[in-house]
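Note that chain A is present in both complexes that follow, paired respectively with chain B and with chain C.
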Partner chain A sequence: MLKTDVLVIGAGPAGLKAALSAAGQGAEVILVERDPFLGGQLVKQTHMFFGSKEQYASERGINIGKILARDVDENEKIRILKDTTALGYYEDKRVAIESQGKFETVDNKALIVTTGAQENTLVFPNCDLPGIYGAGAVQTLMNVHGVVPGNKVAMVGAGNIGVIVSYQLLQAGIDVVAIIEALPKIGAYLVHASKVRRMGVPILTSHTVIEAQGTERLERVVIAKIDDKWQPVPGTEQTLEVDVLCVSVGLTPLTELLFMAGCRMAHIGELGGHVALRDKNMETSVSNIFVAGDVSGIEEASAAMVEGQVAGLTAARNLGYGLEDYEEKVTAAQRELDNLRRGPVGGKIRAGLEKLYKEGEVAV
Partner chain B sequence: MLERTGIPTPKQIEAIKPSGERLAKGPVAIVECFQEIPCDPCYTACKRGGFLPFEDINDLPKTDDEKCNGCGICVGFCPGLAVFIVDETYSETEALVTIPWEFSRLPAEGSQVWGLDREGKEAARVTVKTVRKSPKKNGAHMLTLIVPKEKAYDIRSISHKE
Partner chain C sequence: MRIENHPILTFEKGPKVKFIFDGKEMEGFEGEPVAAALHAAGVRVLSHSQIHNRPRGFWCAIGNCSSCNMRIDGVPNVRSCVEPLKEGMTVETQKGKGDLNA
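Entry: the complex of A and B
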């Protein structure tokens, strides 16, 4: 059995920052990561990040991942367990982990769950044909393994991921014939949309996939315009000759560990699905279990990093570390979060958090 | 409209255009950022005061066209690739347009390529005058294009297929 003060599950932007913040206050940390590398989704993000200096704005995501991974590597208080999966949570608060067939448990005084999210899928006729991918899978193939998914791509979803992956496909020399979005408006930051559009990729809002066609693999996709009741408009069907259809229709938080641990959960659409009720310092209804990043509500990586900081600082404080400067540091981080969420693009997350805190009051 | 298509409207473009007087003086930054998002590297990159301080990180960037000398440092820093430099003083009939560029295939200086408009349509053949690395490590490259003067507010990319 391993023992630590703070156990962090997941080494994406939230987990790396949580580990660094808790260790920075003096706590011993174990950081568990399923992949053989640190960084989570940051390793696939070749675009420059938004935000301000505090969240490494203008730096490319992949480099932010490298900076944080280096800091974690150099920190003597953090023990890194890569290639290691968290399997479950026991009543005595231990977490079961597995690495290359070896089972172990980790005794911890505080747990920070930063497991991220998984991609949503879309159901339509023949949606299981080879050649139909999640956008994250395409990003992994291209940016982690250096493999292109095909030659001609249609993207479903004009949120940030759909638009960014479309741009990365263009950069890899692959044709993107269209981005199809059911909503009447583009969800991605409009500067991302404009940079793909000026490379000649049409963005078809109020459109949906009718069906995929092909015998052995994807050969064609039929799309159509939809009306304001989400019904296809007859006569607007178009056939796109593509060998790849990339689906990017949102993310769902990966909350299994939180359910197992008995955290009070609520389904909040604006946050992506089920999330743990939590306070402003990221502590769930189970004392000393924290969340940060996409698992606590789908949002940008810049916010995930700051949430990780808040969780790490507070977990350490709860164990008696860093009492002298906790207030100052956590207040600064909370202010950063408020700033990131204050504008019009923060409307959805603000609405989600409002519901979450309200649910929290009812539950208590 | 921009939110439905990704293409800024002529009205939006007109609204951010520097004065004719300023354009007659030489290169100046054109910031095609029309949505309030939490982002401020343009402001922090410029050491000349070419961007006014942000009261809120979600503010749209506001430029001080008199302080901007068109150096282009913000072009390489803008995560949204939304800043361009236009120099209308290049010649009687041509202007220079500097664009951010993130494709590994770099055009050769002096080569002719298709200049694309905001829809990605071929607007005119243009000459690549210079290819510069970003002043920032890992930033976007900067291509300076010689374009017909009447297309200086239309051409915002080049074809990546040539």
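Entry: the complex of A and C
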């Protein structure tokens, strides 16, 4: 059995920052990551980040991942367990982990769950044909493994990931024939959307996939315009000859461990599905279990980092570490989060959080 | 196919290794996911669905969904999208649920 003050599960931007923040206050940390590398989804994000200087604005995601991974590597208070999957949570608060077929448990005083999210699927005839992939999957294949996903690609979803991955496909020299979006407007940051449009990719709003065609693999996709009741408009069908269809229709938090730990959960559409009820300091209804990043509500990497900071600082504080400067640090981080969520782009997350805090009041 | 020139990224690869896919010898780079090596070699079908036997490729490529389950070195239900490739590996398209005794 391993023992630690703070156990962090998942080494994406949220988990890396959580580990650094808790260790920075003096706590001993174990950081568990199922991948053989640190960084979570940052390892594939070649685009530059917005946000503030503290959140590495104008730096590419991949580089932010490298900086955080180096800081964690160099921190003597953090023990890193890569290639290690957290399997379950026991009543005595221990967490079961597995690495290379070896089973072990970790005793911890505080737990920070930063497991991220999984990509949503979209249902239409033949949606299971090989060649139809999550947009994040194509991003992984192309940006992490250097493999060409296909010759001609269509993208479903004009949110941030859909548009960013379309741009990255073009960067890798791959033809993107269209971005199809069911909503009447583009969800992504306009800077990114305009760039893709300038490069000649049409963004077809109020359009959907009618069906995919092909025998052993995707050969064609039929799309059509939809009306304001989401019904296909007859006569507007178009056939796209593509061998890859990327689906980017949102993410769902990976909350299994939180359900297992008995955290109170609520389904909040704006946050991506089931999430743990939590306070402003990221502590769930089970004392000393924290969440941060996508698992606490789908947002983006900058917010994930700051949430990780808040969770790490508070977990350490609960165990008696860093009491002197806790208030000052956590207030600064909260302010940072408010800034990131300001304006129209933050509307959805603000609405989601409002519901979450309301649910919390009802539940207590 | 591999990405040869990228404006931002350079890809660090392990040494070239040989492996067997459904009886055929193939090449890939050590340490990359089995599914990535297969995709680069043009293979799209990794498994078949349990009831209707429909072809399946990968979906998430990060180990979340099990759409890429294959039989690797005799072990069924290995997520090929996160399983590192090794010299001499035997990789098979999985049919149905996979049988530990087969």
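The definition used in the following text is that the second predicted complex is superposed on the first by the 364 of 364 C-alpha atoms of A that agree within 3 Å, B and C clash if a C-alpha of one lies under 4 Å from a C-alpha of the other, contacts with A are read in each partner's own complex, and residues count from 1 in each chain.
The rule is short, and it goes like this: a residue touches a chain if its C-beta (ideal position, glycine included) is under 8 Å from a C-beta of that chain, and two chains touch if they have at least 3 such contacts.
Here the structure is a predicted model, which means the values were calculated and not measured.
Of the two partner chains placed around the shared chain by superposition, chain B is the only one that A:Phe50 touches, whereas chain C remains out of contact. Contacts of A:Lys195 after superposition on the shared chain: chain B is touched, whereas chain C is not. Applying the stated contact rule after C-alpha superposition, one finds that A:Asp128 touches chain C and leaves chain B untouched.
With both structures placed on the common chain, the touch criterion links A:Arg34 to chain C but leaves chain B unconnected.
In the superposed model, A:Arg60 lies in contact with both chain B and chain C.
In the superposition on chain A, A:Gln171 makes contact with both chain B and chain C. In the superposition on chain A, A:Thr205 contacts chain B only, with no contact to chain C. Comparing the two interfaces of chain A, the one with chain B and the one with chain C have residues 60, 171 in common.
Residues 1-3, 5-9, 11, 13, 32-33, 36, 39-40, 44-46, 49, 54-65, 81-82, 84 of chain C touch chain A in their complex. Listing the residues of chain A that touch chain B in their complex gives 47-53, 57-60, 63, 170-171, 184-186, 189-201, 203, 205-206, 302, 339-346.
In the complex of the two chains, the chain A residues touching chain C come out as 34-36, 46, 60, 62, 118-119, 121, 128-134, 136-138, 140-143, 145-149, 171-173, 216-217, 254. On the chain B side of its complex with chain A, the touching residues are 2-8, 32-41, 44-45, 56-58, 77-82, 102-104, 116-121, 136, 138-140, 156-157, 159-160.
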